[in-house]
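What follows are several structures.
What follows is a pair of complexes built around subunit A, which joins subunit B in one and subunit C in the other.
Right after this comes the complex of A and B.
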C-alpha cells in the first residue's frame, strides 16, 4: 500500500484522514495518544511511532485509545504486534466503540487494559 | 290374485250358467274379452263379479242393446257376459251371490296389496336412505318418508351428533310443518312421554296423548308449551344404532285428531327408523374417516411463518370429495442461519393412512431442515427414513445473504421461478426419484434476487381428473403465473388461479406456495477506489444511511465496523497487487433487515496464517453481522452481511 496521508507528520505526530497519533514523552512511560479513527489509514502511522518510541529505548509504552471513535482490525493488529514485542505495553480503553472490538477478538484477555490514562501510567 | 279364489275360467262358467230366461231355461250368452284395466278402477282390488250400470254397459258393449249382462274380472282378465234373449233375474242373483261370497276375499287381497305397497315403499326408502352419506339430506328424507307413511300431520326427528371436540349436540328435522313452528321451543327433554324414545325403551303409540297417564307431569309446561301445534294422536319410535346399540335419535309423529296411528303405522315408522339408523351409522363412520383425514392434514399444516422480505402465500385445499383427502403438505421454515426453507410434497394415496405418512415425512423434513442439512443430503436422509412408499417432495432453501436458491427435487413436479424480468423458468425438473425410492439426490443453485417469484405446487392443481392432462395443466399454470405476479393482492390471485385451473372443483388435494422476493425498501450503492482513505467518507455515509433506515446507534456501529472490515480486506488482500481496484458497496434495506454487500474484482491472497497478529477482520465480521457469507469468485470476492432491524 502506498502512503495516503504523509503530509503534516512531524517527529512526534502523525495524522490520517480521520485520526491522529501523538507521541508524548513523560517522566514515566511514553504515551501514544490516538485520536479519531484507528483504521487502515492510521494503523501504519501508529506502527511507525511505536517503532520510534521503542528505538528511543522507552521500555513502558502506553497506547491511549480514550479519544478513539473507531477501532478497526488494522489498528488492533498494531496493538497485538507491539504487545508481543513489548510485553510492558499498556492500553487505555474506555467505551463501547473501543472495548467491543477488543472483546469480540478476545484481545481484552491478551492486552493489559486500563480504564484511564492515570491508571495506565501508574500501572494499577 | 287368481290363486286366492276359484279359477277365473270356473268363475266365468258359473256366472254364465246363471243366465236363464223367465222360464228358467238357459239362454245363449255372448262373452266379450275386455281390457281389465278399463274395468277395474282400483288396481289393487280382488276379483270382481258385478252387474254393470247402464252407462258402463253402453260403454262396454259399444251401444249394442242387451237384455242382461254380468262383468267378471280380476287383475289379469276381464269378460263381459251378456245375452239378447229375454232373461229373468237369475244371473243377477248369481252375481250377487258370488260378490257376497268373495267380499271377504276382496278385502284380504286389498289389505295384502296395501301391505305389499307399504313394504315396497319401505324398501325403497331404505335403499335410498342407506345410500345417502350426507347426514342432513338423510335425516330429512327419513322424516319426510315416515311422516307420509304414517299419515301424520307432522313429524320430527331429533338426533344427536358428536362434534370435533367430542361434545354431543342435538339437531332436529321437521316434516309437514315449517321450522318456525318449533323454533321457539326447547329441545324435548327426557320427560315421561319422551323418555322411552330417547332411552330406546320401545315404540310409544297413543290414540290421545293428552289422556295418557304419562302426559303433563313435567315442569315448566306440564304438557305442551303454549303455541305448540295441537297433538292428540302420538307415535314415537327410536332410531337405534345396529352397530353400537345406542339410541341415535327419535322419530316423533303427531296428529291433531285422536286415534290416527295404527299398529301398522308404528310398524312402518319402526322400519324407516331402522333404515335411518343404519344410514346414520354409515354416514357417521364416513364422516369420521373424512374428517379425521381432513383434520389431520389441517392440523399438520399450520399457517406459514412470516419471513421478512419474502411475501409468502400458502394454500392447502383438501380434496372436495372426502375420501381423497390427506396426502399433500407444505412448509415454510425459517432456519437458524436466517435462510428460509420451502417444502412441498405429496404422499401417494389418500385418507388417514396418507395423512399419517405425510405427518411423519413432514416432521422428518422439518427436523433435518432445522439442522441445516443441505437439500440433497436432506432428501437422502428422509428417503432412507421413510418406509417403502412413494412420496414426492421439492425442497428449496433461500439464502437471504447471497439470494441463492438451493433446491433438490425428489420426483415432484418442477417449481416455477419467475425472474425479475418476468421470464418463467421451471426448476428442478426430473432431478431424482421420489422419497422412499430414490437413493441419490442432487442439488442445484439458482439466483433468487429481489423481484423474483417462486411457485411450488402439487399435482392437484394441474392434474384434475377429467378434461385436462398434466401437460396442458402446466401450460395453463405457466400462462397464468404472470397474472398472479402482477396482481395487487397475491393471496386473492392465488385463490383465483386455483379456481381457474380446477374449474372450481378438485378431486385431489391442492397445496401451493407462492413466494415473492420483495424489492428492497431502499438502496445505497457506492463504487469507490479501493484505497484506505476513500473508505473514511464511506463509513460516514453508511452510518447515516443505517440510522436513517432505522438502525439504533449500537447496531449502526456494528454495521459500520463490519462493513469497514470487509472493505479493508478488499483493500489489503483483493488489491494488494494493483493500485487502482474498484470496490462496490451495496447496502439494501429489505423488510425487517439491512443487507450490506462488499464486492471487489481482485484476487484475494489469503493472509499468512502464521501471522497471528493479523487476520482479525473476518472474526470481527462473523461476530458483528447477524448473518454473513463470503463468496470467492474467479473475478473477485463478495462479502455479504445482514442485520435484523429491531421491530418498532
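Right after this comes the complex of A and C.
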C-alpha cells in the first residue's frame, strides 16, 4: 500500500499542510526525501520515519532536503537528534533557503552535508 | 473622516508594544499601519503567517536573507505560542514597522501562566535571527492567562 499510512516496508509517506516526507529503501542508503516546509507540523512525521528506518536496521540514512522550501528549528532539531544517534546520517542541502538556517545555527559544521543526492548516496 | 478625527482617536497608542499588550475583543479600527492577523491556534496556519511575514518584510525593503530570517523567526514565535495555546483558542498577531526594523508581536491564551523556555534550541535560533526578542505573560483582557512574544529584525542579513 502506498497510501499515507505508509504501512509498506519499502515506501512510507507522511504529509502535512505544506510538506511531505517519503521513506525510500534502496540497495544502498535509506533515503528520507522531504518536500515543502519542514516546520513543526512536519518535523514529528520526519522523526517517526527516521525511527522506523532505524528500527528497520538501516545504518546509513540520507535526509534529502533538496525540495525543501522552508526549514524551521523543529526540523533542524530532528536532524541534530538523528545525527547524534546515527552518526552515519547524511544530509542533502543545496540553496540558500535551507543552507542559511543551517549556517546561522552552525549546524553546517556539525552535520554531514552534501550538495546532491548522488553525492550523499556515494558518501563523497 | 478628517485628519482631526484621526488625531483624537485614542486607540492608536504610539507605543506599539503597549497597544497590543492589552488586546481587545475583536479588531480595533485599522487606523495605523499595523497589519493584524487572527487565526486558530493550529499548526495548519503556519504557512499563512509565514507568507504574510515574507511579504511584509519584502515591502519594507529587507534584503533576501533578512526576509528569510524574519519568516523563520515569525514561524518560531507562532509555533511556540500554538503549542502552548488552549485548544480551540486563537492567535492574535500584528506586524509593524519601526524605523529600519520590522516588528512582529503575537499573543495566545494559555491554560495556566507559562513562560517560554529560553534555553531551548528554538529560542536560541530566535535570538540569533532577530535584533530584539521579548516575551511576557499576564492576564489578557478577559482575565485569561496570556503569553506574548515580540521580535524585531533589521533590514540586512548580517546575522550569521
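What we mean here is this: the second predicted complex is superposed on the first by the 113 of 124 C-alpha atoms of A that agree within 3 Å, B and C clash if a C-alpha of one lies under 4 Å from a C-alpha of the other, contacts with A are read in each partner's own complex, and residues count from 1 in each chain.
By definition in this document, a residue touches a chain if its C-beta (ideal position, glycine included) is under 8 Å from a C-beta of that chain, and two chains touch if they have at least 3 such contacts.
What you see is a predicted model; the values in this text were computed from it and never measured.
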Could you look at A:104 and tell me whether it touches subunit B, subunit C, both or neither (first, second, both, neither)? both
Which partner chains sit in contact with A:39 here, subunit B, subunit C, both or neither? Use first/second/both/neither. both
In the overlay, answer first, second, both or neither for which of subunit B and subunit C A:56 touches. neither
Is A:74 in contact with subunit B, with subunit C, with both, or with neither (first, second, both, neither)? both
Would you sort A:84 into first (subunit B), second (subunit C), both or neither based on which partner it touches? first
Need the overlap of the two footprints on subunit A, from subunit B and from subunit C, as residue ranges. 16-18, 37, 39-41, 70-74, 76-77, 80, 96-97, 100-101, 104-105
For subunit A, which residues are in contact with subunit C within the complex? 16-18, 37, 39-41, 70-74, 76-77, 80, 96-97, 100-101, 103-105
Applying the document's contact rule, which stretches of subunit C touch subunit A when the two form their complex? 43-44, 46-47, 50, 64-65, 68-69, 71-72, 75-76, 79, 82-83, 121-122, 124-126, 128-129, 159-160
Mind pulling up the subunit B residues that touch subunit A in the complex? 531-533, 535-536, 539, 554, 557, 560-561, 564-565, 568, 571-572, 576, 579, 612-617, 619-620, 623-624
Can you list the subunit A residues touching subunit B in their complex? 1-2, 4-5, 16-18, 37, 39-41, 70-74, 76-77, 80-81, 84, 96-97, 100-101, 104-105
